[in-house]
Structure formats: C-alpha cells, structure tokens
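Multiple structures follow.
In what follows, chain A forms one complex with chain B and a second complex with chain C.
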Partner chain A sequence: MAKVPESKKTIATIPIVPIRAKIVMSNILFVVLAFYFLSAYVTQAYPNRFIQGLPIALEFVYKDLFPPNWGYTNKVLSSLVETWNIALLATTLAAIFALPLSFLASSNINKNAVLYQFIRFFLNIIRTIPELILAVVLIAFIGLGALAGVGALFIFSLGILAKLISETIEAIDPNPLEAIRATGGNVIQVIWYGVMPQLLPHYTSYSLYVLEINVRASVVLGFVGAGGIGLILKHQLALFNFANVSTIVLMTFFAVTIIDFISNRVRERLV
Partner chain B sequence: MIEFRNVSLTYPNGHQGLKNVNVKINPGEFIVVVGLSGAGKSTFIRSINQLVKPTDGELIIDGKNTLKYKERELKEMRKNIGMIFQNYNLVNRMSVLRNVLTGRLGHTSTIRSLFGLFSQEDKELAMNSLSRVNISEKAYTRADQLSGGQQQRVSIARALTQQPKYILADEPVASLDPPTSHIVMKDLKRINREDGITTIINLHFIDMAMEYADRIIGMRAGEIVFDGPVSTVTEKTFEQIYGRPIKEDDLRGSDDE
Partner chain C sequence: MSKANHPLHKPNNTKLKMQYALIGLIMFVLYYIALTMTDLTYRGSSLSPGTVFKRLFWDPFFNPDIQAKVPTYIGYMVETLAIAYAGTLIAAILAVPFGFLAARNTSRVHHVGKGILNGIRAFPEIMFAIIFVASVGMGPYAGVLAIGINSIGMLGKLYAEVIESIDMKVLEALKAGGANRLQTIWYGVIPQVIPEFSSYAIYRFEIDVRSSTILGIVGAGGIGAPLIIASMQRNWEAVGMMLIVIIVVVTIIDIFSAQIRKRIV
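Up next, the complex of A and B:
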C-alpha cells in the first residue's frame, strides 16, 4: 500500500473526470451552497431558535391540546366528509376535462404546432396560480362555501393532471398507433384503440394521486373560507378552543392517512 | 395493380430513401424485396400505404395517383392495404380479439368504435381470421402474453380482417426464430394463394426469399437493381444486389430443425 506513490511519479495520472468538468462542477457546488447559506441567513433559520422554542411547544401540546374534546367528533366528521366531497368532485371533474386537453398538449398526437403551443401555454398559466389564490378569487365570485373549494381545486388539478397525462402520452409506444393508422383508422380511433389501452393504468394512477393531494389541499382551502375541515379548524383556533383543535387535527390525520393508504395500494397494483 | 412511376423520396434530413423507382406490381403476385439494411426496402414498402410519403413521381394504385390523395382518400385507400410489421405492433394491453378487430376500424363509424360496437359479421370475420392462422384459442388472451410467433400471426389475422387487396409485410420474420419464421411465411403464402391478395414482403434472408417468392425485387441505395421471377435468380444475383459475397448471416436456415 505504501508503495503507491511510486506510480504517481510516472507522468500524468488518468483522471476519471476531466479537469475542466471538475472545475465547473465544483463551481456549481459552491454557488448552490452559497444559496443555502443566503436563504438560511435571510429567513434567520438558525437551529438554536428551534431548541429555545421546544419547551413552549411541548407545554402547548400537553397543557392546551391535551386532552382532545371527543364530544366534538360528530361536527368534525361532517366537516371531514365535506372536505372529502370537495376533493372527490374536483378531482373527478378535472380527470374528465384533463383527458382531451392532454391529447391536444401531446406533440405526437396533435400535429398542429400552433394549437399545441397554445394549449401548453394555457396549462402553464393554470399551473402557476396557487390554489389559495384561486380559492380567494372564486369566493369573491360565488361566495363562501364548498363550491368555491371545488372550483379552485378543479382548476388546480386540471393543470397538474393535463401535464402528467400529456407527458405520458408523449412517451407512449408509437408502433401500435402506426399499425392502427395503417388499417385506415382516423385520429379518434387511433387514440381510442392505440393510446387509451396504454394510457389507462397511468391515467387512473395519476387521478388517484391528485385525489390524495386534493384532500390535503382542501383542508388548507377551508382556511380562506372554501368549506370543509379547514373552516372549523380556523374557527376553533380563533376561539382558542384547543381541545376541539386537537380533535380536528387528530381526526384529519387519520382520515388523510387512510385515504393515502388505500389510494397507494390501488396505484401499486395498477402500473 | 400498383405502379411506381419515377418515384423518389428524400427524407427531411436530406437522406434519399428512394431514387427514381419504376416498377409494376401485378394482382395476386407474391413479391419479396431484398437488400441490405438501409437499402430502402422499408421506405419502398411504406410508400405504398404512405406511412412515409414520396416526394416525387407518381404512385398509381388501381388507376389513381395516390400521392395526390387527401386525408379522406388516404384512409379509404389504407382500408384495402393490410400491413404486418417486424415488431408486430399489437396493442399489448388489449385482448387478441380486440387487436384483430382494429382491422375493421376503417369500416366502422367513429361513434360505434368508441363503444366497441363491432357488427356481428365483423366479429365473425375476426374469429375466422384467427382460425386461419391457427390461433383462435387465444382470442381472449392479452396480446402481450403471447410468444413472438403467435403475436405475428395475430398481426396477420388483423391484416386479414381488413379484407385487403394488398398485404405489405415489413421484415415480418426478422424478430423470430427459424422454425417460427417458416410458419409465418407459410401463412402469408397460403393466404396469398387462397385469397389472391397481392403480397409484398421485405426480407433480408436470401434462402427464405428464394423459397417463398414468385418474384424478387433487389434494392441497393434506394434504387431497384434487380427485378425478375425467382426462377432467374441465382446466388450471383444476390451478390450483385448486396454488392458483396453472401455470408452465413444472410441465411435463415431451413424449417426442419
């Protein structure tokens, strides 16, 4: 082992990574690190602040949150059902509307470059609007309540789903499509018999995934008045009714976990 | 009848797939197109149903210049041309029967096909096609559960179900082992004889071309360098077409192994 330096004396060692690439990569690494330090400094995210705050947080948990008010269960349950319904309705509508949009946003199906770019642009715009903003705007239009939540999540999930589905369509095996085109099938027949069978498991899986996201998102949307569990959570917090708050938090946690678990199991079996 | 008149095809990248091709294909013929890979065999065959579109010349099918066709006429023409691919090109997640029924899509309205409402005759036709290639017992199996040879026979059944006037086959046995290759070629030959369907097949195996073809067309660098009945073809002819001596790889081997 100690004799290794011998070989080092022989002229240039052969680098695995070229020197230039090494310099470029280290520079990138330094820039990225600099960004981390900058963001930690700006947000004052210093670890000691967490340690200082920990006793206060613990006291809050065992003095205020504990014990949960189980008498409040029924009210929480009906709000949870509303949250679920908001998510289910928004996801289903989005899944239906995302499908034709996805075909228009796939370059291998939609050969009209102008329309393709327009649809892509439209979907990008939709995706850049946070669901909270959508909810606030919709509440202004149709008033407080679950319907605004459904609308906000519908638009939000439409953007995600169309993006995911159109990318899957673009990665599809083109050979069966060619075969169906060669039998004299039109575009719709090529889509229905060539693309859909390949797409279906992915489509279902993405829709379930978006349903999971929407259940969680609709909890947040309640905070701005778009119905569901978030609405009562906000009220109880405002009233400092922490026993009720902890009932809400616990039950929401279980509901979301169960939904995620079932959805994950189904998705595993699909693809 | 299919007739190429001064047909040329230049790909967008500048590569010339076909150079001034002139050839007549008569009804009922069983033609094998041979040549090295890249010689333009595939381009030649795909020009006929315009999966690739020639850039020059006239391609006359049944008396009409198909290169002038609009989308609607093109689909009408494709209904009459069955195609078989090297990689079978079945829809993997669909049953064999559904795959074969896609051969009827050209004859089925969009609405009916969206709901899978194929007519009773179409279903009978599909089952009949499957039994003609001896695979009807697999009708309800998913296509991706079949072996390569079985999948290729399903794709022949799909082409048959179109009730085509012409069948094109682009390297139909290149992905198969020798015994299976012979089964597939025999199926194609039998259908050609029984139904009188004009059949044009790309192959690069010399022995198979000699065994099954009525007429051989040789291609090199996008040009037809040989065209004649199989009786006039010798090993010399192939050496001329390939531009080099014959090698072991150019032979598929006989089917009695």
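Up next, the complex of A and C:
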C-alpha cells in the first residue's frame, strides 16, 4: 500500500509543463491583457460592449441597408470600372519598376553591400506608409483625380512587390547562376538565363496577388478624391442614402470576389 | 536546323500558342479600356511640387505652431494603436473557433467555414467601418468593431492552415494514453498551434495599425480624421508632421513585431 502513493508523488513532482515556462507564459499573458485593458479604456470598447455592438450593426444592416437600390447599378458599375482601371494601371507600372529594384535588393545578384542595404531601407520606408496617406500626399502634388490614385497605388505596391520578388530571388537555385558566371556570363546574362526562368512564374503570381490587394485598396482612395468607387460612396454616405450605399457595398463585394477568384485560379496554375 | 540534327520531332505546341494569343488579346483589351476610359489628366495645384514637398517634410520642424501640436498628434496615434490592439486581440480570439471550423482535419463542414472567412475577406475594411460607424456612432469604438470583425477573415484562414499542418500522431498518442477530448486539445493541439497563432496575430497587428490610421476618414477614430481635415484645408505643415509621426510609430512597431515573431517561431 505504501508503494502506490510514492510513485504518484514522483509523477506529481515532475510537472508536464516546466515551471519556468509557466512563469514566462503567465507573464506574457499578463502583459497582453494589461495592454488590452489599456486599449479598451482608450477606445471605450470593453468586451461586453463589443458583444453588444454586433446586434446593433446587424439591425442596421437589416433595417437601413436593405433593400439595395438596384436602379443605381449603372452608376456604380462605371465607378467600379474606374477603380479596376486604377488598380490595373498601378499594378502594371509597379510590376515593371519592381523587377530592377528587386535585383538590386537581393544579395545573391547585387554584391554591393552599401547599395543593397540602401535599397532595402528605401523599400522598408515605402511599405510603412499606408496607401491612403500616399494618396493624400500625391493629391497635394498632382491634384484630385485618378492619376493621384494610380501614383499612390504604384508606390504602395512597388514596396510589397519588390520585397516579395527579392525574397524569391534570394531563395532560387544558385547552381545555374554559378554555371553561367563560371563560363564568363555578365550580370545581365546571369539574370536573363539564370534567374528569369526560375523567377517568371513567381513574378506573375505575385503581380496578380498585388493586383488583388490594389483592387481592395483603390476602393478607399476615392474618399480623399483619388478617383474610383470611393468617391460616390462618400457622396452617398454624406447624403445618408443607405439604399445606394448598400448597392455600392454589395457590388464591390461581388467585383472583389470575382477578381480574387479568377486571380487565384490563374495563380494556382502558375506555381 | 535540318531534321537530321533533331531526330526528335518538334512537339506540337499549337495549343500553347493559342493560349498565349488569347492571353495577349485579353490583356490588350483590358489595357485599352484602362488607358482610354480613365481620366488621367494632371491637375497640379498652384503651388509647385517643390514648395509642397518643402511644406510637407521640411517646414514642420521649424514651425512653432506645429511643434506645439505634436503631443496632440501623438495622442491621436496612441488612440490609433489602441484601436488596432483591441481589435486585433478580439479577432485573434474570435478567429480560433473559425479556424477549427475551416480546417480540414477538425471539421466536417470546412467548406462552410472557408466560405465564411472568404466572404469576410472580400469586404474592404472601409466597408466594415462604414457599417459600424453608421450603426454605433462615430468614434474609436466603431473602429475596434470594424478591425475586430475584418481581421477574423485573414486570421481564421491562417489559423485553419496551421491546424491542418499539426502532427496528428501526438493526438493519437494522447488518446491511446487515455486522455479525454479536452486533454487532447489542451496538451496535444494547443502547444503545437500557440506559437504560430500568436505570430500571425502579431503580424495582423502590424496590418491593423496601418488600417486604423485609414479608418479615421469615415469617422472611426484615430489619426485619420485630423489628417484628412488638415489635407482638405491644404495645411501641409500639419499633414507633414502627422505623416512623420505615423511613419516613425509604424516603423518602430514593425521592428518590434518582427523581433518578437522571430523569437516565437
């Protein structure tokens, strides 16, 4: 009889989770929760209010947004086309300019450490700026209209695209590059015959991915006057014309879904 | 090249060529529409680009009025961070059940779960912000709701992928050892998914900080509203200072978050 509790004792002294890990975990949990309550205090969004807010939003959707005004469809459609055009042009420009930048930002092609670090730093700075703020700045320079939208999205997607592409370039198979260098190929030849065949599917796939992001982003741009669907959305909101607002929201939802679907299909086949 | 040099006959690539021609045609039409229908006229302001640039990024440092407002701007930025933090944390918790619902190995209706998450992701965040501002009123509270609901889409999808990739042998071993369902989840699933779940949540926080700077334009709190107002008043010194505050704060958060994520995974 004395043996059983003793063996139980040894099991009890070796905890499944180490005590140190437990202390670290509970400290992390404490910090995370402390920050949460601070944020909840600042924003007045305590957990119970978060739960309370959802039915109010649902009621609003049911009462005010429904039914949508289908007579407004044509106007929305032309704005959606403009939004899509802005996204397409910006993505194309970004895809063209991102390629040389990504070669400069990959350590296995660009051996100049100073230039490499500088380009990386430049790309990091670009990516910190939210696209809407780029639009605000560009409107200051080139005035209201779709051109500012294209410019803002171009800079915004240049940062993302160059980062994704340069990471892929750094991860490609180095053997073909070495073989071309060994036989006397210069940098251009290394890129053209060594990197491009490996990179091309990824490059196309990333460009499509950025196009998806840009379609979503260009919805917002109209709010500051950079063209597209955001412009009419802002007007209808200011007029509290929620039937039209809901038409815009629904049609944007469908457009984004269709574009995402097509782009996903193409990307699945590429990589 | 004669046939003698190439004993293997050339593959029939007519189909491939047709595909390329079709893709080329589609792209031509798309670009034609884009270039002809978009109004890309340049409407430069009366100020030269150089003047605007100087007023945005040089003058704010020497303007005492703007310098006096820096603490206010930092206050707005703190509110922005609070919106992003509260929203992301709520989403990180709410996304867990959605992740289990959408994972192939834990749910029989994973198509339904994936469908819900895709639906949430297809709505641009500004739409959520509009709906919440219109229903619960202006202020950071609406921003937290918008960020919280919108982030579930991406986090749920990433969580589902993590759950799909866990080692099922551990769970089997626990079950064989006589663990019940709760114990299997607590000792088998949780330790495997926690590092990646928290890493994705921190990554999402980075994105949400950027989003919550934007949401102010529809009245969802944060630095967005004063920024837009200043830009409409052509008060470029104030716009420049707020931009600098945003860039510095976002950069610091990105660096911290990258460091934490490196240590977790």
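Note that the second predicted complex is superposed on the first by the 221 of 271 C-alpha atoms of A that agree within 3 Å, B and C clash if a C-alpha of one lies under 4 Å from a C-alpha of the other, contacts with A are read in each partner's own complex, and residues count from 1 in each chain.
The working rule: contacts are C-beta pairs under 8 Å (C-beta built on N, C-alpha and C of every residue); 3 or more make two chains touch, one makes a residue touch a chain.
The structure presented is a predicted model; accordingly, all values stated were derived computationally and were not measured.
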Larger contact residue set on chain A - chain B or chain C: C
Contacts of A:175 with chain B and chain C, given as first, second, both or neither: first
First (chain B), second (chain C), both or neither touched by A:198: first
Chain B versus chain C as contact partner of A:184, first or second or both or neither: first
First (chain B), second (chain C), both or neither touched by A:243: neither
Chain B versus chain C as contact partner of A:47, first or second or both or neither: second
Chain A residues contacted in one complex by chain B, in the other by chain C: none
Chain A - residues contacting chain C, complex: 16, 32, 35-36, 38-40, 42-45, 47, 49-50, 53-54, 56-57, 59-61, 64-65, 81-82, 84-86, 88-89, 92, 124-125, 128-133, 136-137, 139-147, 150, 216-217, 219-220, 223-224, 227, 230, 233, 237, 242, 245, 249, 252-253, 256-257, 260
Chain A residues touching chain B - in the complex, by the definition given at the top: 173, 175-176, 178-186, 188-189, 192-194, 197-198, 200-201
Complex interface listing, chain C residues touching chain A: 30-31, 33-35, 37-45, 49, 52-53, 56, 78-79, 81-83, 85-86, 89-90, 118, 122-124, 126-127, 130-132, 134-136, 139-141, 143-145, 148, 187, 210-211, 213-214, 217-218, 221, 224, 227-228, 231, 234, 236, 239, 243, 246-247, 250-251, 254
Partner chain A, residues of chain B touching it in the complex: 49, 51, 75-79, 81-83, 85, 87, 89-94, 98, 102-103, 105-106, 108, 110, 113-114, 155, 158, 162
